[in-house]
Amino acid sequence: MRFAIAPEQADFVAGLRRLLAAADTPAVLRASIAGDHAPARALWARLADLGVSALAVPQRYGGLGATPVDLALAFVELGRAGVPGPAVESVAILPCLLGQVAPERLEPLLAGSVIATVAAPPLAPRAADCDAADEVYLCEAGTLSLAAVQRRERSVDRSRTLATVSATSVLGEVDAGAAIGLGFLASAAGLLGAGEAVLEQAARYATQRVQFGRPIGAFQAVKHLLADARVGLELARPVLFGGALSVGTGDEARDVSAARVCCADAAYRAARAALQVHGAIGYTAEHDLSLWLTRIRALQHAWGTQRWHRSRVLAELTG
Amino acid sequence: MRFAIAPEQADFVAGLRRLLAAADTPAVLRASIAGDHAPARALWARLADLGVSALAVPQRYGGLGATPVDLALAFVELGRAGVPGPAVESVAILPCLLGQVAPERLEPLLAGSVIATVAAPPLAPRAADCDAADEVYLCEAGTLSLAAVQRRERSVDRSRTLATVSATSVLGEVDAGAAIGLGFLASAAGLLGAGEAVLEQAARYATQRVQFGRPIGAFQAVKHLLADARVGLELARPVLFGGALSVGTGDEARDVSAARVCCADAAYRAARAALQVHGAIGYTAEHDLSLWLTRIRALQHAWGTQRWHRSRVLAELTG
Amino acid sequence: MDLDLAPDTVAFRDEVRAWLRAHVPAAALPSMDTPEGFRAHREWERTLADARLSVVSWPADLGGRDASLEQWVVFEEEYYRAAAPLRVSQNGIFLLAPTLFAHGTPEQLVRILPPMARGEQIWAQAWSEPEAGSDLAAIRSRAERTDGGWLLYGQKTWSTRATYADRGFGLFRTDLAAERHRGLTYVMFDLRAQGVTVRGIPQLDGEPGFAEIFLDGVFVPDADVIGEPGNGWRVAMSTASNERGLSLRSPGRFLAAADRLLELWRRRPEPALADRVVDAWIGARAYELHTWQTVTRLADGGELGAESSIGKLHWSQLDVALHETALDLLGADGELAGPWTAGYLFSLAGPIYAGTNEIQRNVVAERLMGMPR
Amino acid sequence: MDLDLAPDTVAFRDEVRAWLRAHVPAAALPSMDTPEGFRAHREWERTLADARLSVVSWPADLGGRDASLEQWVVFEEEYYRAAAPLRVSQNGIFLLAPTLFAHGTPEQLVRILPPMARGEQIWAQAWSEPEAGSDLAAIRSRAERTDGGWLLYGQKTWSTRATYADRGFGLFRTDLAAERHRGLTYVMFDLRAQGVTVRGIPQLDGEPGFAEIFLDGVFVPDADVIGEPGNGWRVAMSTASNERGLSLRSPGRFLAAADRLLELWRRRPEPALADRVVDAWIGARAYELHTWQTVTRLADGGELGAESSIGKLHWSQLDVALHETALDLLGADGELAGPWTAGYLFSLAGPIYAGTNEIQRNVVAERLMGMPR
């Protein structure tokens, strides 16, 4: 029993974090909001160089065939940095789906030259971030198809575009469970990372912002708000990796959904605390915090709601 | 529209509060815990002199035929003082039930010479405080009966005794809705009063107890705990009286259950805050706070749970 | 004790209800934080004023109806129930006007209030500064004495509506030697005057709902100072109490939102969320009844005072919880931009503005419960 | 990264599980806060010790098995799952013993620990005083120098188990001139010695789970001081960290409670409470996984440190919420005195003892997040 990341995993995380810290992701997100996806594409290309897009592609197709733990580690960093999507879809879900029926489509995906997204009704009724994607898929009733955008809709997170899609050509029958399970895990990881990022921003702000003659972090109300959010994140992290270790076992449904519940709750609590600590400035679109706040809210509803994941855990526990 | 108590109601409340403040109710409760109900009986006799036991008895039977608002005002004070039961049963519910089928049994009840309790399965499967009562009734499936204790059980509130009962002789068919509705209202009022009492105790303690060189009430964490509890109680009070005004109207079920939900939640939150403010001393049976804490928890389950009342409100709103 | 509306209130309510049914635009107006939306909302104020419904609680000679508090609460309830447009004039009519009624000169009343009532002058509040958010006494913007008036210098921020509004009001330091609360003066100024620069600040939804105001020698005549110079803190506090209290957050808003939540529940029931739905409705109802209690107290000559902090803590938390519940009921659709997400983002500001909830809890604990400072 | 138990841990777990199945009393022992219950629990400690299962993590020559942390967590999980009796010796084995291992002399180890392991000496903690609850540095009880030892004077309170225990341990002021944390000495003393008066304090459930201890010239030999005189604060802090951390609240306790909650849910499902039931299980699981993370870190030579405050905040709130959920599921039966109400009342102490949660939040914010003091 060694429930800690290995040195080579820590190295991978450190490399990823360095790349992302230098990438000015807030500017990338703002460009996406303005409809300019070129900066996001450039960032994705650099992430592909580091192997991110090849993580979940099996080795027999030239990918890294990384473990779910590695995938989760990567998504924590993507979430922390606020990398625009479609990440869960392109990196976590589609490799597993395409490997089953259209492995020839994997190569550009793992190389990062193609970014793709997928809708999976009824759980994920819309394809996310299709404006930034080269390919759109539809996975419905056990069938994977290429798809075309029907109707665009806006998300509360202005850097996301959502669209209902319809199938244009059928690729074949797939077992979607494993693929979407990886999507749940990646979604949980991304939320944890985003939650950690907003709480760090809030803690930094609390030591700098002075009101009533003291840094606001000296007030017990602010301390306790931050501490409670920290507790949530600290407890969510091991549940995330417990979920990653359960992938492929009989406990996967229970443990991955538990991870998603914990990470999404902890991230949301951290976001609320961060906004309260920042006060009015956190409410402005100009402040970077806003990019994470709306994203964390939006992702509560993506790839299964909290309610859906909770009832899945309960069914596993009592079924 | 005058949503405030009238001067004569304020006088009644003040008189009741004076009597109860002088009655050393903690000692009365401790005697009840020890199985000695004589002090409780003596207190009940004094309350009867003030008219409390006659409040809900119709004037045609010699009672005061008081309004539901008056009844609620009285029960707030009984709850605040921690008067042992059976109060909801003897003062609020039974007058209305007995008036329908056995008005001759009202006279000793309103005089305070008889204290009575009642079970009403499935909502109230056990008769409360039967050890302190002279008469035990069973109201089940629209029939009111005299009843005998079958099996005693302990409550988490050690001053309450619960018992399953069985009918010994049938008194007649009753419409129990109105009677039990008054019970809900009285239960809500008692909880509000108990909540106000524990919060006042906590606020007093917070100004006296010194830790780290300051009264603990100077710490923001303590202030905010108290303030949040206070908000709950302040918002519950108008809902209680809104419920009282709705009795007999088409909104009664909705508004009385809403009152019970608000008052019970606010009281419970106040109890938890009071315990946290007191620290270990609040956890001791020797401290008076303990008498209210266990009572507030017990009463969450009496005359309808919070869940039951919430689903009643929702049914009224959406049915 | 009763909750029965007076006969004239019932008549007034029926009139308001009928008028709103006939006049509220079928399609929602564009956001008032866009130029075209601001114009549309300004026109709506004019429409309201033509029916003498824009400022019902004001005296008749200033454009109102001398409505009682009871009638005002009923008006607001009807207004929100009808889903009528948000009030672009709210900073003026709910924040500035009460201050003028309490401290303004007769000349100020007749000059300022009628155009406010007709939407011809839209007012922006200018309370906060970069270093004075919750801590208003830390204000640094100043007004220097000049011939016949004052010159304003400094920076205001989080100024709601200021992007498109006509005039602003706020506190300025007139005695630089005085400490914190002292030496502040309550000033009205023209947002189009020379020396004013307004920069819109986009909110979470991307629209510039508030703005920064830079003031560089902006002239303000003596006639536009409210109360005595140096006495601005006391003058402002009556406004602040109004902002936190009855005026800005009438129960109608939450009752209407709770009704929409129940409608959503009917269409998409989810048993696991039942209690949250019920609690949202109960919370709105509690705030309504709490408001009636306050209305009665004020009608009896009582003061709003520190108890307004209790109301603010309640409605601000209720509003967030109610909207979170709606988003959760919407399931995967909960992230779609629409009325529920707009209401949700708006609700998030509740625990922050008009005195953060942390400060309100201090007020409740210290002033109402006797905790040491 | 893995969660696979080592082969010897699996073997140990199987042994423990089999032994517990064979030996845990079918009927629960009477409360250890009654004289007969205390005796029964003391005997159970002896039974455990006979199987060398009373102090598995201790060295073999002191009655233990040199169990690894991994094995200890597994032992606790099995122990709670088997609903085995509460440990009447827990103050000794979880609070005092770690202090002795860190600061005791070899003589103290061999004299104190074996009888502790066999339940022959039951220890009570004596931390708090009437004026020093959360603020341990405010301790006033004192130890005066005398020939060959010390004389204890003063009063201790909230002393868990002291009503029936044999010996106690705590901090005493030995240098009256020193400020707060300084001048304190860590002392073990006999609860039956001359000059000791113990008065049981009934808890919410009416049983004397803790006691006041009055000390009037109680003699303690030098051999019963742990560490250097005057250095007691530092010595105690290692115990306090243990109290808050891994030792006292093993995840097994909450996993077992969550399993019972799920069992209750199966019998009395209530859809509106579904999410609370799930969250209780997830919370227990999270604490288990968090503990495995800590076990790994400690095995790598890391320290528990301020992170133990995170665990304490989590489990204490989880425990209350889990029991509240159970009571709510029980409906009208929720007020009946029984295992769930007993667990509920016990859980209410969690946010208070071993450093209140308010203090734990300060620790998290200040030491882990860099907030100013």
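Lettered A, B, C and D in written order, each chain numbered from 1.
Rule of thumb we're sticking to: a contact is a pair of C-beta atoms (placed from the backbone, for glycine too) under 8 Å apart; a residue touches a chain by one contact, two chains touch by 3 or more.
As the structure is a prediction and not an experimental result, all values here were calculated from the model.
Trainee: Shared touching chains for chain C and chain D?
Mentor: A, B
Trainee: Could you pull out the chain whose C-alpha mean position is farthest off from that of chain D?
Mentor: Most remote chain from chain D, centroid-wise, comes out as C.
Trainee: Between chain A and chain D, what is the separation of their C-alpha centroids in Å?
Mentor: So the centroids are 40 Å from each other.
Trainee: Using mean CA coordinates as chain centres, what's the chain B-chain D distance in Å?
Mentor: Distance between chain centres: 38 Å.
Trainee: What is the distance, in whole Å, between the centres of chain A and chain B, each centre taken as the mean of its C-alpha atoms?
Mentor: 51
Trainee: Residues of chain D touching 2+ other chains?
Mentor: If we look for residues of chain D contacting two or more partner chains, we find 272, 274-275, 358, 361.
Trainee: Would you pick out the residues of chain A that each touch at least 2 other chains?
Mentor: 219-222, 224, 307, 310-311
Trainee: Quick one: do these chains touch in a line, a ring, a star, all-to-all (complete), or other?
Mentor: Contact map by chain: complete.
Trainee: Chain C touches which residues of chain D in the complex?
Mentor: Residues in contact with chain C: 271-272, 274-275.
Trainee: Quick check: in the complex, which residue numbers of chain C touch chain A?
Mentor: Residues 128, 131, 133-135, 138, 157-158, 201-206, 210, 270, 272-273, 327-328, 330-337, 341, 344-345, 348-349, 351-353, 356-358, 361 of chain C touch chain A in their complex.
Trainee: For chain A, which residues are in contact with chain C within the complex?
Mentor: 33, 122-126, 153-158, 160, 162, 210-212, 219, 221-222, 272, 275-276, 279-286, 290, 293-294, 297-302, 305-308, 310-311
Trainee: Please give the residue numbers of chain A that touch chain D in the complex, ascending.
Mentor: 1-6, 9, 69, 203, 206-207, 214-215, 217-218, 220, 222-224, 226-228, 230-231, 234-239, 241-242, 244-245, 258, 261-262, 307, 310-311, 313-314, 317-318
Trainee: Looking at the complex, which residues from chain A come into contact with chain B?
Mentor: Going by the criterion above, the answer is residues 219-221, 224.
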